[in-house]
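The same chain A turns up in both complexes below, where it pairs with chain B and then with chain C.
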Partner chain A sequence: MPDTEWPRYEVFKQDRPNRPHEAVGTVHAPDPEMALLNARDVFVRRPACHSLWVAPQDQVLTMTALEMELNPAWAEETVPEDAPVRTFHVFTRQHQRRTMVAATHVGQIQARTHREALRKALEQGEFTDRPVYLWMIVPADAITGSREEDVESLFRPAEEKHYRDQSYYSGRVFDKKALKRREREVA
Partner chain B sequence: MTGQLDAQLQQALADRLLALADDEVILGHRDAEWTGHAPILEEDIAIANLAQDEIGHALIWYQLREDLTGRDPDETVYFRDASAYRNVQMVELPKGDWAFTMLRQYLFDVYERLLLDRLVASTHAPLAEAAAKIRREEIYHYRHTSTWVERLALGTEESHRRMQDGLDRLWPFAAQLFVAGPGDGALAAAGIFPDLSELQQAWEATVRPFLEQAELTIPQAEPLTVGRERHTHWLPILLGEMQVVARVETPETAW
Partner chain C sequence: MSAFPRTPNTRPLPNVGLPTDPDYEQRLAEFEARIEAGEKIEPGDWMPYEYWRQLVRMISQHAHSEVVGMLPEGAWITRAPSLRRKLILLAKVQDEAGHGQYLYHAVETLGVDRGTLIHQLLEGKAKYSSVFNYPTLTWADVAMIGWLVDGAAIKNQTMLAHCSYGPYSRAMVRICAEETFHYKQGKEAITLYAQGTPRQRRWAQDALDRWWWPALMMFGPHDKDSPNTPALMRWKIKTKSNDTLRQEFVNEIIPELMAVGLEIPDPDLRYDEETGNWLIGPIDWAEFWQVIRGNGLMNQARMAARRQAHEEGQWVREAVEAYARRHQARQAPEKIAA
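For the complex of A and B:
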């Protein structure tokens, strides 16, 4: 059966203006604009957000430290001399805690290919003060981002909404005593 | 004029708020019927968000009406029969396919967005404040649904056909959004609520070129111009489902 699934987009979310973008997951979408809208609905229903980026997953190089170690040939490639130099955004994961964030934006690199960007990142050592467990290399020209004027309509309303964990509703919600008890706890 | 309204204006405003709220709560309910059934997971989440937003907007309008009339929003929604509802027929029609749902939402979103653009300048301060709050979400709804309408209309042969079928069915109903009630003239004269015929012109000036650009044909059908007290048989069926839990539970049930 043919694969009728829409392509995947990586989603990068910036919580506040002076915070880095973080890789929070993926959405399916037929095109970048719908990917951006889907990202908003899936990842920004409640928490704060200032900016969203989406990029087609097939244009993002994702590599773990283990993959690089097991396959040292990852770095080998023939780069055409006349290939244009582009800007690549570099995301890394430098811890092994369980979090919702896969990788965090740490900077940019000028390079001709994804792998060249990653080689340079390793050589420069700028992003490797601590061990890096995961790299994500995203070409700037593959990113579709929300704009400053989108903040009011895309993200601001979510901040004013109540967010309750599932556990808030646990127990006997029909039991008035339980409800009173919960109200006291909240107060 | 931000202070007290005279009794006649107060009644007219209460009636208009009921129309606004009923449109949103019924449309929100129809959208919510997609929960778990939307074409893809991302859209399932999106339509549930959208439904929740519309029901949230309804609550804001019901509360403004409560300030004028003392009528409790829950009572208003769950213990009124179809004949007392003042929504337009367009929002009570069954959810249909995804093209129908997106097109209905688009036609309504353009109306609501243009309405809110005007309501933020209402001489009645509580209305202006509510409009400013709701408007931000509506800008997003409009972006979402217009994106879908455009893509389906210009997509495959089948998606285009479904979108055209939806437009053929919905277009006559949309005109009912602009049918004035008995008190609407006085509200417009007092700058409380916009003039509906001007709103209709603005709406047509937006949707017509958009739909034509999406290669859809606007049907030449007789517009629906009956008052909001008239409903299709779909409304009592919808209300039966929407109200059943509230009506079978005792009033003391805590949620």
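For the complex of A and C:
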């Protein structure tokens, strides 16, 4: 069998319920189910995570403000009249701070194509209260997500592994007795 | 496509500008103004060819270093001195695998496939940090790697978190948050040995003797011998030079190593009252270049181990693909429509 590359999936992680999903990076996998498992291993070795979404990258439209400015033709397309209206999730980056996520979920929009969703988002101004530097448009039907009942098996185990956190070592590094005690704790 | 074209004859991505483009000078001025203003350059944004080339070169080497970096320590997972140490080491090696993935993702945003990069590594055509071509002889080496090598890596990565390229900066922020645990567990383990039996103290000192200079070489050649530095600094790919970072690192770590009773293996080491700097003796750059060129103690063994792991994983990849095919044939994957 040829050693070819598997399709790439964008990964969106939700740290806690009622927090937005955030674009954290990509994984490669032969199908969405494996993409979800790979995403868990790559992006959730530590808490917190409540939900993960994966979507094939070729079904995600990513655009920067500069890209749109330099190529105004991005918005031009012929949309078939009978194309069905779908739900698109909208992610934006609206700051220049140092963070570990590319874009944050800000809402949904009904449209027939990715570009139509982006045009509507710009026209309606609902997501552009501050400048948007980066857009990600993800059709809802391209997303495979972890389910509520997966939380226990996918994300909970990492919560017990305190030794993965730097805070576990704080202030005790030079305390020999504490070290010996903690060696015994797991033995 | 080739990952490292040497001359800008072909445009690797539509948004990469070539010096021959009619609007190149104007775009370059705008690009540099954005960087000067502290803005991040995102995938899809206009960027000059040389910025693209330097990022592909640096991030791919960094990704490969994370992957190869699993090997020296991975060799000790079965020989960890306690269950707790085994759990910690397993978690650390898993992190390095994940860090490699974050970084391959960052290179992919520049249009270079993960498969291409992994192929280059397996072919022995890719560079990675020379420090991983030294052997891990005792458990104290594993501990010393955590404290020294990860300590040096964090210094570099904290600087790179300020990188002007968004995806590289984000990978660095994520890595630094996790890597601090690597450094602290190493410091804890060495501290324990340095206060332990005479044999444990001997192991700790021996590990420092062997890892000290390779760790200092991780920061790369002196600024005067680093041809890439001016471009990297001008475009804020790097925000501090090799020598600056190396000096910051020795100033921080020397007092800590001394505090646990270890001796720095440098007869020329002295403290400069005036500047507050620890001044180290000459670094053996001949050794550095030998290791980079593939003649280190473990270069061959590292590549052999990586290739073996890849080949032995072949059946797993095939099984996963077969599962995916069968699964797709039976039922459409469960979708959510939030």
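Definition applied: the second predicted complex is superposed on the first by the 159 of 187 C-alpha atoms of A that agree within 3 Å, B and C clash if a C-alpha of one lies under 4 Å from a C-alpha of the other, contacts with A are read in each partner's own complex, and residues count from 1 in each chain.
The working rule: a contact is a pair of C-beta atoms (placed from the backbone, for glycine too) under 8 Å apart; a residue touches a chain by one contact, two chains touch by 3 or more.
Predicted model only: the values in this text are computed from it and were never measured.
Chemist: Which partner, chain B or chain C, is in contact with more residues of chain A?
Modeler: C
Chemist: After superposition on the shared chain, which partner residues are touched by A:102: those of chain B (first), chain C (second), both, or neither?
Modeler: Second partner only, chain C.
Chemist: Looking at A:34 after the superposition, I want to know if it touches chain B, chain C, both of them or none. Which is it: first, second, both, neither?
Modeler: A:34 sits against chain B and chain C alike.
Chemist: Pick one for A:25: touches chain B only (first), chain C only (second), both, or neither.
Modeler: The answer is second: A:25 touches chain C but not chain B.
Chemist: One more residue to check, A:110. First (chain B), second (chain C), both or neither?
Modeler: neither
Chemist: Looking at A:66 after the superposition, I want to know if it touches chain B, chain C, both of them or none. Which is it: first, second, both, neither?
Modeler: A:66 sits against chain C, while chain B stays out of touch.
Chemist: Once chain A of both complexes is superposed, is A:45 in touch with chain B (first), chain C (second), both, or neither?
Modeler: Both partners, chain B and chain C.
Chemist: Is A:124 contacted by the first partner chain B, the second partner chain C, both or neither?
Modeler: In the superposition, A:124 touches no partner, neither chain B nor chain C.
Chemist: Check whether A:133 is in contact with chain B, with chain C, with both or with neither, and answer first, second, both or neither.
Modeler: The second partner, chain C, only.
Chemist: Please identify the positions on chain A that touch both chain B and chain C, taking each partner from its own complex.
Modeler: In chain A, positions 6, 27-31, 33-34, 41-42, 45, 173-174, 176, 179 sit in both the chain B and chain C interfaces.
Chemist: Where on chain B is chain A touching in the complex?
Modeler: 40-43, 45-46, 49, 53, 136-137, 139-140, 143-144, 147, 151, 252-255
Chemist: If you look only at chain C, which of its residues touch chain A in the complex?
Modeler: For this pair, the touching residues of chain C are 15, 38-40, 42-46, 82-84, 87-88, 91, 94-95, 98, 101-102, 105, 108, 113-115, 161-162, 166-167, 169-171, 173-174, 177-178, 180-181, 183-185, 187-188, 191-192, 195, 260, 314, 317-318, 320-321, 323-325, 327-328, 333-338.
Chemist: Looking at the complex, which residues from chain A come into contact with chain C?
Modeler: On the chain A side, the touching residues are 1, 3-6, 8, 24-34, 41-43, 45-46, 53, 62-64, 66-67, 70, 87, 89, 93, 96, 98-102, 108, 133-134, 140-141, 143-145, 147, 161, 163-166, 168-170, 172-174, 176, 179, 182-183, 185-187.
Chemist: For chain A, which residues count as touching chain B in their complex?
Modeler: 6, 27-31, 33-34, 37-38, 40-42, 45, 152-154, 156-157, 173-176, 179
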